[in-house]
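So the structure is just underneath, and the comments pick up after that.
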């Protein structure tokens, strides 16, 4: 069996990782690479690390995806809804790494992003593809919104604890991300000279991943839970560390709950030391460490993922494996690149 | 007037900064450079950036400080108490950048560091040298414990708000520091290969700067306040960003309170955008940004300082200026190095 | 005495350094900050590290410089010739950090940059401002072309040796620069993600600093000498290391020649160990190390400077000091920022 | 078929990469992990990125390798000769990543390393394992000295040109390496604070890879050729760029010669733009760019490899594949990690 794959948004960081992973996947095969501004370019010029070859990026047009089994979309916010919809209607299994279909209701979408969804009736048809938390829904799915990188890290750390009732608010998530999380586009604040040797918070109170985290937690506990979320830009390429805290409702419970939650998962490990992001960069792994602070009665849970791996391309492949009945770990690795 | 200065611990990062600042100070002059393992070395070999010259590091012996007016001590925890005491008894104005005299009571010292203080009766004689918060006590002082880098950043952001009653717990401080904060000693976890391209939390719940932050806040509000403090190591040389949060007790109050608190200070600025650490590296400046989060009812205050400037050597000079009746900003700058 | 200074190109990296240095200069004072695209901006928004204040950037118009004594121009190649000429004609002492007036003849300009000079008759009126090599010409000068960063490093290392006849070609210069050397403009190849964790050569055989190096050497030995020059981009902010090599014509001579050449200079030191760029970043210092390789009979001279210091703003101030009869080191430092 | 593999020196950077590659190899399987100081440790503690598992590092004792088919040795200089010899005598196919058996004669060994070889008669039995240049000798080999990282890059760029007679001396090689090339041991000059934001040359005229480069070139042209070699440390983890230059003996010949030389190789590509190290990090690929400089009549060849890939572990696997009759690219990739 070979599954033909379209990667749309092939020129971005997530697109490059998707190509790398699909090329390495035992049953998937690239059939169509689509890009906007870099359409017409040789893959080797856009992603020199992927090597040469005759492959070229083509324009993004849904009809070019005819005959593909799977489409991965790595497009900017607001750019994927139409193509994703057309492909799904045409029977392609669509895994959208963007945010267009992540919210579960039109109301939440509008509250999160500030404008109405262009196809509000479609939102309910899309699943939120975080396998370790909502994986039961994925077999057979053909419309999957792959979670954002920050929400993946925060939800993996907090959802089991909130679900088990061992923590309560106020919930504080301070996350630190490498620069690839901001994409490959030219921006003054992503110039080497503006990032190197510095750390800064951004999007304080307003980052669009915050309502996504809140939605994910609500999906688990069925009541709204506000989350204080502050992302930070750190001078490195890849990796996210989320330091999540909440009030403990019981002592001694959080590590057992987390270990139980992830005991049978392929990619999430609860470990005894605070994780470094570099241990997971290049892999689909998430590392979680839990601590309890007596004086404040707070839980401190740190979660490390690769923002382009478990936070994007790796998770998309994992969702596709589950949706299409393949082994969950096909084409994925839990081994990172650097000590 | 010339004030003769001893810098003890001259081979470390803070020591190097002290030498640089004293050399540039209008009325201070280096009279004695003391070091442990590097005693006997040429300054130019220990700190090549400071240039050549015939100056040599000598051993650390209190009698070698005879005739000096001021001593700055940049020694590891537990290493300064005896020398600091002897020098102060001999009439030298002592500014200890270490933690030996920061705690106000023997009980708090033991709780913080796990062993009894060797000279418990002396603790009360030492002032905690954070000029913007406790500067009134400094004129005439001859025994000053200069605050730690993390506590300086957290206290500058939180103390005025807590004092004004506009925030309450739970207080969460997630700080990110460059590597020089960990000192110049050889450690496997400070090898370039262990730091570069990675971020990690460390000292979760146990870092010794946490009781120092709690003491500083208690000094302001007269009741104990527990603080959840998590430091992170970020791949950069210098700079600390502390993201501090607390529950708001009123809306719209925190920025005015902070602006009022620092309106007449030379080195603390409340600004409209979240600060980058790089804007303050090389200076004695602290930059503070305040935000209020409606859904969680929380204050988010980010503070950027140079861990070796306002967080160490700069603050020590500032304390000495005030203690000795010099203009507060003598020999210090609010101008950083990098855009 | 106060000298009024215009800084044109105030929004760039060199512009920011010029402002920092002039603000710190004992007799210079900023009177006019000019910029193109950022005209109208507050200085504190363009260079947050320089602190607040009411200063604003104005447009670049030569009449706005009326009444200034000195103008420093930090503009892109091809952008300074007209303004520089008008200001010089108006009696302002002009120090152009750009390349428009560096070449000594119209022929060399055209060969170097590929198009004729717009004011060819003016070229002869401009001096090449490298004080340690050509400083005798600077007193009284009002038209000074400040050398490029790479040529400064290469010429300091090679010119005295070639002049003394102790080396001969083939001359090979492999230079490594931090990213600020490429300026602050948005470019895909200067995105953090394109620079971090990588090194690359660029401008092989074609970099426009190569004819400038060749001109500088020819000025010293009066015959043309071709130089193989290859610049490299290294993941750091500031600093240039040039590794220069040439065939030895005598053994044991190069270090004495270099020590003799720089014995009485304020900012150039010949040292016993290969210099690190970080030792000079933030200063106007150049560090030089010389080695002789027996088996190949080659000299290997490594030179470290700060590309924004001795390679740009610092050298411009040094030239202005000499031109205007001030002490050469006024407002400059030989002390760097980092061990 | 499964080949049992011993990795000795498993705790180092090269050791970690060997484990990663062997774990991914279709027919190789780790049977024994040996280490000195970290013997007894869990693999997951020594190389957290490799994931958990029950594997432990054992002491390095040749008898523990009984029953293994292949041994990879990643030990410091001077530490592998005895173990390598014992294992080879016992019939194990040994691939020594260290320098103990790289020199072809006792005289050259002593000249290169300053002391006599402990088993001089054995040197002739070891092959120098650079497959693209000397691969014909590898099938059936059981004693292979894997080249150093710098020599691999320099020889790939220079050997075909020298062999074809299109270049001649003086040959200049200026190489820039990431920090992992210096190993994982604690050293003051590898502290993050000593490496970050700086570049420096080291081992000028004396680096022990220089005689290895000269030996490799002599093997190709049968006459000695002195090489001026200067390595530089660059603030990044992995990757080597070697900028190699030599006098052209003909114009227009070097790129065709290089393309012809590597046309049929799996891992060496001649490309049209100067390579970045990051394009090859994580892969076994070498990228080569060639330029001719008219004015100096010099060839400038830049070569990028991953010092831990093609410069160490990847090349060792490639040698083992060839020696043992496996497909040359088994378990290896030409795809890197970062754009």
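Points worth noting:
Order of writing sets the labels: A, B, C and D. Residues in every chain begin at 1.
Criterion: a contact is a pair of C-beta atoms (placed from the backbone, for glycine too) under 8 Å apart; a residue touches a chain by one contact, two chains touch by 3 or more.
Since the model is a prediction, treat every value here as computed from it, not as a measurement.
Over half of the residue-numbered contact pairs of C-D are shared by just one pair in A-D, A-B or B-D, which is A-B. The chain with its Cα centre farthest from the Cα centre of subunit A is C. Chain geometry summary: the mean Cα position of subunit A and that of subunit B are 39 Å apart. Taking each chain's centre as the mean of its C-alpha atoms, subunit A lies 46 Å from subunit C.
Taking the mean of the C-alpha atoms as each chain's centre, subunit B and subunit C sit 37 Å apart. Residues of subunit A in contact with at least two other chains: 13, 184, 193-194, 196-197, 235-237, 275-276, 278-279, 281, 338-339. Across the complex, subunit A meets subunit D through its residues 13, 16, 20, 23-24, 46-52, 184, 196-197, 237, 269, 275-276, 278-283, 285, 334-339. Listing the residues of subunit D that touch subunit C in their complex gives 169-172, 174, 176, 178, 193-194, 196-202, 204-205, 226-228, 230, 232, 234-239, 241, 243, 245, 247, 274-279, 281, 289, 291-296, 298, 300, 302, 304, 338-339. Those residues of subunit C that touch subunit A in the complex are listed here as 13, 179-180, 184, 186-188, 190-197, 235-237.
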